[in-house]
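One chain, subunit A, appears in both complexes that follow, with subunit B as partner in the first and subunit C in the second.
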Partner chain A sequence: MKREDIILTTKQFLSEEFEVDSALILPDNNLQQTLDLDSLDYVDLVVVIEENLGIKPTADDFKTIETFNDFYDLVEQRLNA
Partner chain B sequence: MEHRVVITGIGAYSCLGENLDTVLESLRLGRSGVIYDEQRKDFGYRSCFTGMVAEPDLNPFLSRRQRIGMHQPARFAFMSTKEAMEGSGLDADFLDKTETGIIFGNDSTAGAVVETVDKVRTKKNTTLIGSGDIFQNMNSTVNMNLSTIYKLKGMNFTISAACSSGSHSIGMGYLLIKQGLQERVVCGGAQEINVFAMASFDGLGAFSVRDADPSMASRPFDRDRDGLVPSGGAATVIIESLESALKRNAPIYGEIVGFGFSSNGDHISNPNFDGQFRSLNMALKQANLTPDDIDYVNAHATSTPIGDSTEAQAIFNALGSKVPVSSTKSMTGHECWMAGASEIVYSLLMMNNDFIAPNINFENPDEDSKKINIIPSYKEQNIDCFLSNSFGFGGTNSSLIIKKYKK
Partner chain C sequence: MLINKENITSIIPQRAPFVMIDSLLTADESGFKTEFKIVPDNLFLENAILSESALIENIAQTCAAGFGYLNSLEEDGEPKLGFIGAVTQVQVEKTAKQDDLIETSVQILSTFDTIHLVEGVAKSNGHVLLTCQMKIVLA
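Right after this comes the complex of A and B.
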């Protein structure tokens, strides 16, 4: 999957799952703050990624993620692994 | 110092209506909320009758995080509690700054548990269950969700007492306020409606298989009754000290004056005259009332042959033959964990609107029901004081007495 497609696909399911305006999901924005994630929500983040992309990141994978760009890097890396 | 305890908020999400106005209309008309559920036939049920409510849409009221831990019991209870809170003039800001408890009755989360187990069986990975299911799966689901949503700061626990859960929740809240340990408690009962929740109960052969109009299946006290009809939804009863109610100029729907309870210590499912009789008498004694003071009895009667007969004997022996009696389960079916709370709401609607709702489908009495005064059709009547019975599996009995509030 190309990076453009990852951005488009994840924007859609993240905005639906976490009920945020998709216009706020921008590459340099902070993932946790934009999606308003608490500790429990990271479990649901794993669930929607698995449901939509077929990959299953672990909680450790999110430790270094700050922006959506970081998130896209993770997804791209896992999809192409 | 003992405190007087009054009811300052009520709400219902019931098969008789999804708000108090519709419920009141159904009670007046003797309108049944029982349907024939085709899904139960496919699932292997012996009886397909059930009371039914719609799945509420909570999106306009709650955030994703607030909704994600809620399955039917909590969803239904949110709807009834929202109505009760609004009618009582309470909101989250006020509750956040005061000490309000919550004691809700609930005794199953079968639908939620089955869905969770199905997920993990499919995915074979517990992380993929998601973060909300644990809060749906636990029996205290109503308490944990509502206390979080409404920022409640007082006592917080669930009563699981089978079909008297809702009644005991009000009784326990009453005792806490009476003793000055709480100022205000959100009480109630919730009951899920889905094929998973009632399958094992259906398997006991306790449900009606009467081949007729669904509205005629639940017929408490009638000679030709053949079993109960399951039902569900939620009801909320907000209770508080009289001082607190007056201070915030809250509406007062009634005053709780007696709470009787007992355990049969006998068979796990069969009713027991002695246990019921002791519960009724304890409520009367605690309220310092005589049988003549009771204007109406909302019976537990579920439409099972042995249960209704036993209760008729208990009512006759404790209160005599004259007091008007009806079972609103003739219209609702058996709301189980919710019933003890919903029947307080139904009876308060009667008391505040001067009528007795009918025990529909009561066409012919049997040897026991002919000894008591069952009201088969709508009756205008002043009610100053009523008694409501709830009896559950395991022999847990509860009787509440509520009077019109007078200064």
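Right after this comes the complex of A and C.
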């Protein structure tokens, strides 16, 4: 999957799942703040990521993810591994 | 059967009259199954009909028993505290009544760190009574 496709797919499922305007899902925006995630939301996040992108990030992965760009890097890395 | 009625309180924190499971039938990393007979002196019976909240409690206690049992198999075996973080997608299909046998199954859908997303189904005589999802946090 190309990075543009990852971004497009991610915007679509995250805006639907977390009821956020997809225009706010910008590469340099903070993922947690933009999606207004609390600790319990992360299990939902992992479920939709797995359903839509086929990878399952761990708690350790999210320690290094601040922005959507960080997230796209992780997805790209996992899909191309 | 893994844990019978006489020993069920060894793996769950609830005590009579709030115990809403009788026995733990199966438990592994994918999920758990319990049974519960609705006796006449059940606190949640009204006109011989069991309240829906008792079925949600039954699913929660199925989680407690399952996680408690798996925890007891671990080397340190120290009991963990469990919290219900959320109950969502509750669907009531049918009510249960006095003397019914409730068969409850819980499937672990996903785990993130110490948070488990589970789906519970309570059935009686093969009919679905109630389904819901829960987020269980183990501390």
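Rule of thumb we're sticking to: the second predicted complex is superposed on the first by the 81 of 81 C-alpha atoms of A that agree within 3 Å, B and C clash if a C-alpha of one lies under 4 Å from a C-alpha of the other, contacts with A are read in each partner's own complex, and residues count from 1 in each chain.
We take it that contacts are C-beta pairs under 8 Å (C-beta built on N, C-alpha and C of every residue); 3 or more make two chains touch, one makes a residue touch a chain.
For clarity, every value in this text was computed on a predicted model and none was experimentally measured.
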| item | value |
| --- | --- |
| Partner chain(s) touched by A:E19 [first = subunit B, second = subunit C, both, neither] | first |
| Partner chain in contact with A:V43 - subunit B first, subunit C second, else both or neither | both |
| Residues of subunit A contacting subunit B in one complex and subunit C in the other | 40, 43-44, 46-47, 50 |
| Residue ranges of subunit A in contact with subunit B within the complex | 17-19, 38, 40-41, 43-44, 46-47, 50, 56 |
| Subunit A contact footprint on subunit C (complex, rising order) | 85-86, 109-113, 115-117, 135, 137 |
| Contacting residues of subunit A [partner subunit C, same complex] | 39-40, 42-47, 50, 58-59 |
| Of subunit B, residues touching subunit A in the complex | 63-65, 68, 123, 125, 127-132 |
